[in-house]
Amino acid sequence: MKPNTEVKVGKLILKNPVVTASGTFGYGLEYSQFFDLSLLGAIVIKGLSINPKEGNPPPRIYETPCGMLNSIGLQNIGYSYFVKEKLPFLKRFDTKIIVNFFGENLREYIELAERLNDTDGVHALEMNVSCPNKNSHWRKMGLIPELLKEAVREVRKVTDKTLIIKLSPQVTDIAEMAKICEDEGADAISLINTVPAMVIDIKTRRSVIGNPVGGLSGPAIRPIALRMVWEASKVVQIPIIGIGGIITAEDALQFLIAGAKAVAVGTANFINPLSAMEVIKGIENFLITEGIKDINDLIGTVTD
Amino acid sequence: MKPNTEVKVGKLILKNPVVTASGTFGYGLEYSQFFDLSLLGAIVIKGLSINPKEGNPPPRIYETPCGMLNSIGLQNIGYSYFVKEKLPFLKRFDTKIIVNFFGENLREYIELAERLNDTDGVHALEMNVSCPNKNSHWRKMGLIPELLKEAVREVRKVTDKTLIIKLSPQVTDIAEMAKICEDEGADAISLINTVPAMVIDIKTRRSVIGNPVGGLSGPAIRPIALRMVWEASKVVQIPIIGIGGIITAEDALQFLIAGAKAVAVGTANFINPLSAMEVIKGIENFLITEGIKDINDLIGTVTD
Amino acid sequence: MNKINKLKIIKNQALTDEIHLLSLKVSDPLEAKPGQFFLLKMNERYDPLLGRPLSIFDLEGDKISFLFRVKGKGTKILSKLSLGEEIQITGPFGRWYPFPQGEFAVIAGGIGIASVFYLIKKFPERAYLFYGARNLSEILFYEELKNLCKEVFISTECGRGEYKGVVTETFREKGLKLNLPIYACGPMIMIKELRKILEENQSNLQCFVAVEERMACGLGACLGCVIETTEGFKRVCTEGPVFKIDELKL
Amino acid sequence: MNKINKLKIIKNQALTDEIHLLSLKVSDPLEAKPGQFFLLKMNERYDPLLGRPLSIFDLEGDKISFLFRVKGKGTKILSKLSLGEEIQITGPFGRWYPFPQGEFAVIAGGIGIASVFYLIKKFPERAYLFYGARNLSEILFYEELKNLCKEVFISTECGRGEYKGVVTETFREKGLKLNLPIYACGPMIMIKELRKILEENQSNLQCFVAVEERMACGLGACLGCVIETTEGFKRVCTEGPVFKIDELKL
């Protein structure tokens, strides 16, 4: 018998716990040539802002040992264009659409959350609190507990759709940040975003990417992400979406066992466009082999 | 002409900027069968405590993508045995001996620093502020600015040998932590210690090592370490020893260019016992090829 | 429809110290157009992590070939793979060279030949090829090219071959006056030089160039491979790699 | 003096689906004793990162051999390396089997044979070998062993071969009464079983066992490979891999 793989994240029911990580799956379209997107638990869209954003100057990516550095700079097409040009296509699939979003300041976060709340076809909001706007105090909302508290509170007020907070790993105590989200009414948290990192070209003595610092992703950071998910899951009740270097079903299962309710496949999509599919299949096989009838019986079963 | 590779770290003059990272080079002895230790800039000894320490239960290590997890638990032979059995051997080499040390509480830190200050043959002290004693408030001195401040201040009082503070990467703002060390009179800082991380065996649903969480090291974390060295070097004047995933001379040069005065070779020693040697040779070759007469002219020359 | 294929290596030959010809056996029928590329993943482990973009060099029957220069870790590993080993290729990706209507001029600098060979082959006896390299030993497939092209002009920096100097100089002298649409691939400095020549001569010849940028996904999703154009950032993998030369900000 | 050697592969043969015999050509003279091991680094990249410990299986003239079971990523890569490729081996490391004075008993479970073969070979016609495996096809080098040993007792779990059941059972029946010092290598469960048998029989026979633990440095520096003994943690790489069985906390 096929085991149950349905999980609940806030008000969303995902047919399986595998979603795509924001920024690594474009607007879905790009991957629809490889497989049926309806098979996914959910699609998380590339970070959206109210207005289109050009992003950072190239070069934007660089390969590191078992990882990659990126400084895309949150390039995106903006809310209106997204709703007009991308959403209709996405609605054709039987999966959940989660929109990752950000603003230049708290006001923009609130405004965009309001609009997304009223947008048909958007099932949930993932709030990226590692917004890299250097001129804004609010840029630090992912790093400073007080700012995070206020930001989540304000955004929570304007949406009753499932609100997920995507946290930055650049903190001492990820559990504290997770707890703040829970206390302020967030429905779930996503862990982790990329880790700030740098590579220097020793010939030019400059960063190998357009910005000095980029975000590290891929298998290299997986053990760090897993530790954070485990730490957070011990203090919050709300679901956690585990993210970071997940390539195979085994990787994903580690996160589920550590306490994640769902997982997002990120950099792996670049290496193999079918990664998310293979993770879904592999999880199912594992459940069958281990005789686990419901994936929810596996989640958080790690013993210290 | 052979370029100058001498660098100054506090009161120490290192013949070249390459040292070994604490815990990855044992007590030196183990590697003396492979090369002449006198060739090293310095040897940093495995973390020492006043009394011998048994360390954590096995298994203690696990390989991760381009990195490794360890939970050695600071096993060491203790101060007295070190002085009696290891130091005489180390004195035979024409290199600097830096003792990495820690205590169960601040009092022990101070006491051991006092003793090391009076110990002939110990040239400098590296204070490990990521001490994993779970029962002590002081355990967090690497994470909480106020604790770090007091700890560095107190230890500084009891030694006039070169005092290096080895910082934890598990903070939001590494530059702030570095600045505290400088303000409290530390001579140098070492960046970074391992990154807390975790791997789960999906069959047993337990951590693959004896402790749930271990420390991640190796090339996987190099871009993270480099970013931190760069950030810290922008706010402090005292020398930084760059550590994290350095395998080749090119890796080491990235750290020097980012602002590190010296570098430590860690996990690389396990892969190739001659790593430190090859890094020294490679740096020299680079200086020659690039026509740089003094390594100090290279340090910190990155352009944003 | 882009596909992921695991293909067997049937040839992996060093043509020079640095340049290798890799041929794979195609199982399912594969279609790709000149100027398009594939992502090649060297091994199953995570170092190197990403696929490496290589232009389709040739595709005939059940054999697809890539011509590559060993540059860093990825291509080094690629150059050492043995016959019979399998390798994952994803693609084809990107915009191809717009098909030439009649005769056309091609400018290839060094390994740039990898991108235009298939174009020349698809439209035999219509190309005037300007092909340059550092020295004669890096001029590859001379006989084939001679047969496929209307004419071949070889330039080398060391001065052996027909013309001494960079390939764009030879083109300035012999190529401009042909008045044909131009297809070019080579190092950035060659592209810049070519644009200067076109501008100086107030030429309004159509000129298509294939450019390179580091890539992750290859299919337009990561936004990692953008270059600056007159219309803002464009993705080399999907809006390129073939661009009109006057679109580029050089 | 331990050394780092880059050696050419002269043989890499699958003996069963899972077990491979790897032989390398020794350039500089190499000395190693039975029970010692080397760290083998599969490639120059960082995934896999660490060397893998393998016991010296055989060393003769200018050829050193390892016998290994494909277990995970490292050994899988190892099993696929081609003839002529070079591989870095560091060592020899660790304490060897104390040399037997006269005759001796050997117990090998599965791939444990890799650790004791060289011991048997060094002291020919003195060993009584108890060798067990899941099934007959995993009993390797039977003819050689037959020639090298005084006697060979083969046990398989499936029941083919001479004895049915686990190797320790055969030893209990046929081995104890030989009253010889014991050298054993095999899975932990076999070691535990062996100790139980010795205890139950109040035997005070000398018994040396080689054990495994994950390793990083192989030379005593990282403290990563410790196991629990009656005298606290000991490093398998330097205080082992050969221990007296009653030292171990099982």
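Some observations on this one:
Every chain is named by a letter (A, B, C and D) in the order it is written, and numbering of its residues begins at 1.
The rule is short, and it goes like this: a contact is a pair of C-beta atoms (placed from the backbone, for glycine too) under 8 Å apart; a residue touches a chain by one contact, two chains touch by 3 or more.
The shown structure was predicted, so the numbers you read here are calculated from the model rather than taken from an experiment.
Contact with both chain B and chain D is made by A, C. With chains reduced to the mean position of their C-alpha atoms, the one farthest from chain C is D. Looking at which of A-C and A-D shares more C-beta pairs in contact, the answer is the pair A-C. Mean C-alpha position of chain A lies 34 Å from that of chain B. Here the CA centre of chain A is 36 Å from the CA centre of chain C. Mean C-alpha positions place chain C and chain D at a centre distance of 52 Å. Centroid to centroid, with C-alpha atoms defining each point, chain A and chain D lie 47 Å apart.
Taken residue by residue, chain B touches two or more other chains at 65-67, 218-220, whereas all remaining positions touch fewer. Annotation for chain C: residues 46-48 touch two or more other chains. A complete topology is adopted by the chain contact network, contact being made between every pair of chains. The touching residues of chain D, counted against chain A in their complex, run 46-47. The part of chain B that touches chain A in the complex is made up of residues 64-67, 69, 143-144, 170-173, 195-200, 202, 205-207, 212-213, 216, 218-224, 226-227, 230, 245, 250, 253-254, 257-258, 286, 301-304. Those residues of chain C whose C-beta lies close enough to touch chain D in the complex are 45-48, 73, 77, 82. Within the complex formed with chain D, the residues of chain A that make contact are 65-66. Those residues of chain D that touch chain B in the complex are listed here as 1-2, 4, 41, 46-51, 88, 90, 213-228, 232-233.
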